[in-house]
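Same chain, two partners: chain A is paired with chain B first, then with chain C.
Showing the complex of A and B:
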């Protein structure tokens, strides 16, 4: 199969706002998604990831803006917290799902065995879902969401709290779906996972604070980063965080090319090239510092 | 020699015929952070429960502060379980006061500044990130010499994770030792040593660099990737998608090339990541055979 051009289907969110009462959970969020590609939504607790994924999957109406998505039958959605029936066995969960989507029995059996095998779950097919480990339950949830071969697969934190072996199985399922041309959207708190995505959206308090390929997000990071063995004193201390046993120090005022020709280094420590984790951390930190300066004045709309 | 805080010598724990922990040796010293990595069911939590004195070992010796795990030893340990161990229906202040009473430090606990906005909210109604900070604060209040943290950073944004690690480093810098389980391989950089468990056994120990060694993975670049992915799958080689490439651990480039047949694709080698090495070490032989 050949890869379709990016965004050819026009799926995704454009200028989406969601209000819960007075609280703005999503504020003008735009996020295009494409067939055969994996897109990732990252951000912390309360950033709006789940709200966005619910809008994309059709589980929730938007207050403003537009969401384009395939027909409901063509969507597979894994809500946060697995979406399986604890009192049914693994096989029963999937048989139920297959029946709900009217997949012919023989075809359903073949798919179920294939997916269970890929996910390392074949040996536990008769175990109650409620008695699976967290990782196994998430794998079952992802299989249930993709069993009817949706065109759009929306997975809310499929890998949070899941051990690396089960994560690898989950990634095998996701890679398989992507290779078959499915548009996959995941929410994750693992930046190394987001680095595999074709497109990443960074959310913080309901707003997009970064979007693009992982490379574009890294390139768009303002200022420069240094690595230091110790936390710097004073104001720079507020702009630093732990990483790999040392410290990253962000200098927002230094141009990306560095203090060229200035004759003296503007900060201490070794310059480092940021990765996605650094860039996302800087985005969250910059928002936090800006909020501190505004204090407590008019942060209209978005409240945590 | 730095003081040993906790030690396991050939420790096993059986539940009926099931062996949850098998002949594990582990040492944790003052001033060091040891990362305990393993799949769910690898035996990490059982090992932690033995160190805390909640479970006796079936065989071997568990020592904490030079003696058997006991209530006296527990007073010198700060423990944050995966479930955080807070009472949802109590406020953060009430949780802290209860913990202070249990640890024999009176019934009053002062509220840190960052908690004041949430003073009247039951813990169950706080954002997860705040709950995690409360659990950390509670575990550190009695200035423990040994920290045992079970997945302290799960589901937390990178800045909040960095701050939790700063708290751990602060306690360790002040002379404590920490045993931390995590599923984030990038956090290995915060640990002085790693211990990797699989099926109850320790399968690797050392720094991240010592554990990854010179191992390599095969990397496939092809456009479109789908055909390459299908060919690798047909050959039984598990491939992981990484951007616009596929990474195939534990299969040589020559074998990958052969599996791809006549497909136009570039196959190269790259150093294995800790996560890939972890996968190689912990997937049981029968799974590995089934997969490849």
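Showing the complex of A and C:
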């Protein structure tokens, strides 16, 4: 994390730290952003995804490091909620946004109808946002964030709790924005969605534990994966997780061509090629297991 | 049921503000309002005029602030109108005249009692030259109607209610719905958001105020003797303070419950300590200082002065200036709080790219 590899426009985070009191929510995180590309931030609960997105959008100040972003007027932001007013109608929510960004009325109307049409919300334009379904509300939030045609679109969990049809609508909106040259950053819990991104940042407990294209992250996964019908016993059980109705078992010592060292038996189950979901799970698991190993060692150190 | 009780206690323990309000506030209110809850008037500010002014010796309750041999009834009336005194004794060639300011209801009652008569036109204990019984005239509220003094004050209470209680929910609602964070990244300056928040409430409060006054004048016969623009200016300043307080409360509250608690804590003292119910002079000195930091105290002075006594702006400069000062302090604090929410990453950038770095701050 020593070099500051930011995107072509110079946007992104470099060595960012954020503290909530004594707790370090982000620790030296660097994340470049590029126009016309979608970047995804993934990680488990409490990993620091929302905090990073808040810093990138300007909703939060950093404790250390540098965030470079376009001017405020050029940023669109969807917070973890939908960021819309439940007691305003769909049209009123968008009209407020258009007025705040000083979009001329005729142009705003045209954009609003266009976006609502594309998101399948035109029929509910006069419905209160609070009475929309979760998916509809998220779509409204995304439309509101992109209505002023920002250069940087920051979306925090845009598809969480959204049905598959609405997810497809949302992805259509996001893909359209990316195609128009917008730099899109999303935080997501869905790793299949993150696979669409040009660049992925994997966060765990505020630290970047992986970054690159989805392919690079998968390729960087150490060890080997196997698929098993049952959870293995013993230490291997700690390195397994449920996936697709079976179990994935990660063996850190097994190379892609087979077990390291001669004479060592391969793990049970059939070998599988990892995808991004596997690679991220392994990265988080590896960190967790390393932490477990360090704790007894530290205790021994104290005893000595 | 036990599970519910335990859960409630746990939640109560973590909500420190509510806990403090439940335990400390009743004691505090009892002490404060115990000192405040008094209709007893011990000192009646009095001026004496007329050729024999030096010889007038009213009962001890009347605190003579000024004696003016050269002036007469007109001067005495001006003193009462401008709130310099509550009672004026004017010696004339005939019977002396005692003028009482009826807009200060409890002081007027105390003055009448001290004079030995409860009705205008009689008076006995004031030692006037020649021992003649003075003629008592009650000005501004001759029938000493409570509604005459309550309605101008109630207009202020309506404004307090809208300004503080209703507005206090405004920002906290944004925070609860997650839209405050959204506002933070929009190209809106903190003062734009502040003004945008208060202007609608201001408009509603202005309409409410007009309705209260119209009802007061039309139904209760409360006079409106003074200048409407002066009254409007006072109401404007007062609303500015109360709306600012509402926004300030909202910005320091985590949720709507906390906002309502704080709003009530700000509203209750205004009703009890502003002179609306109990005369300021009757409130214990240890507590009276609170009255002087409450905006309703000054609005009461303005509304009663303008409506009942046609007091001009010149003599009301003190409440006007103090309201303006309170407004400046409260609104500045509210905008500062807003700034911490709405410009967390520094001032809005105007160039093609903005940088937010810890080092640059």
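To be clear about the criterion, the second predicted complex is superposed on the first by the 284 of 304 C-alpha atoms of A that agree within 3 Å, B and C clash if a C-alpha of one lies under 4 Å from a C-alpha of the other, contacts with A are read in each partner's own complex, and residues count from 1 in each chain.
Everything below uses one rule, namely that a contact is a pair of C-beta atoms (placed from the backbone, for glycine too) under 8 Å apart; a residue touches a chain by one contact, two chains touch by 3 or more.
Small disclaimer: the values here were computed from a predicted structure and weren't measured.
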- Query: After superposition on the shared chain, which partner residues are touched by A:81: those of chain B (first), chain C (second), both, or neither?
  - Reply: second
| task | Have a look at where A:28 lands relative to chain B and chain C in the superposition and call it first, second, both or neither. | result | neither
(Q) Applying the document's definition of touch, where does A:68 land relative to chain B and chain C: first, second, both, or neither? (A) second
Next on the checklist: Touch test for A:228: chain B only (first), chain C only (second), both, or neither?
Outcome noted: neither
_Tell me the contact category for A:46 with respect to chain B and chain C: first, second, both or neither._
first
Partner touching more residues of chain A, chain B vs chain C, is chain B
Chain B and chain C footprints on chain A meet at residues none
Given the complex, residues on chain B that touch chain A span 37-42, 82, 127-129, 151, 154-160, 162-163, 165-166, 169, 183-186, 189-191, 223-227, 229-230, 233, 238-244, 246, 275, 278-279, 282-283, 287, 290
Given the complex, residues on chain A that touch chain B span 1-3, 36, 38, 43-47, 117, 120, 133-136, 157, 160-168, 171-172, 174-176, 178-181, 189-192, 195-196, 198, 214, 231, 241-245, 277, 280-281, 284-285, 288, 304
Interface with chain A, chain C side, in the complex: residues 177-179, 181-182, 184-188, 344-346, 348-359, 361
Per the touch rule, the chain A residues reaching chain C in their complex are 9-11, 17, 54-55, 57-73, 75, 77, 79-86, 97, 100-101
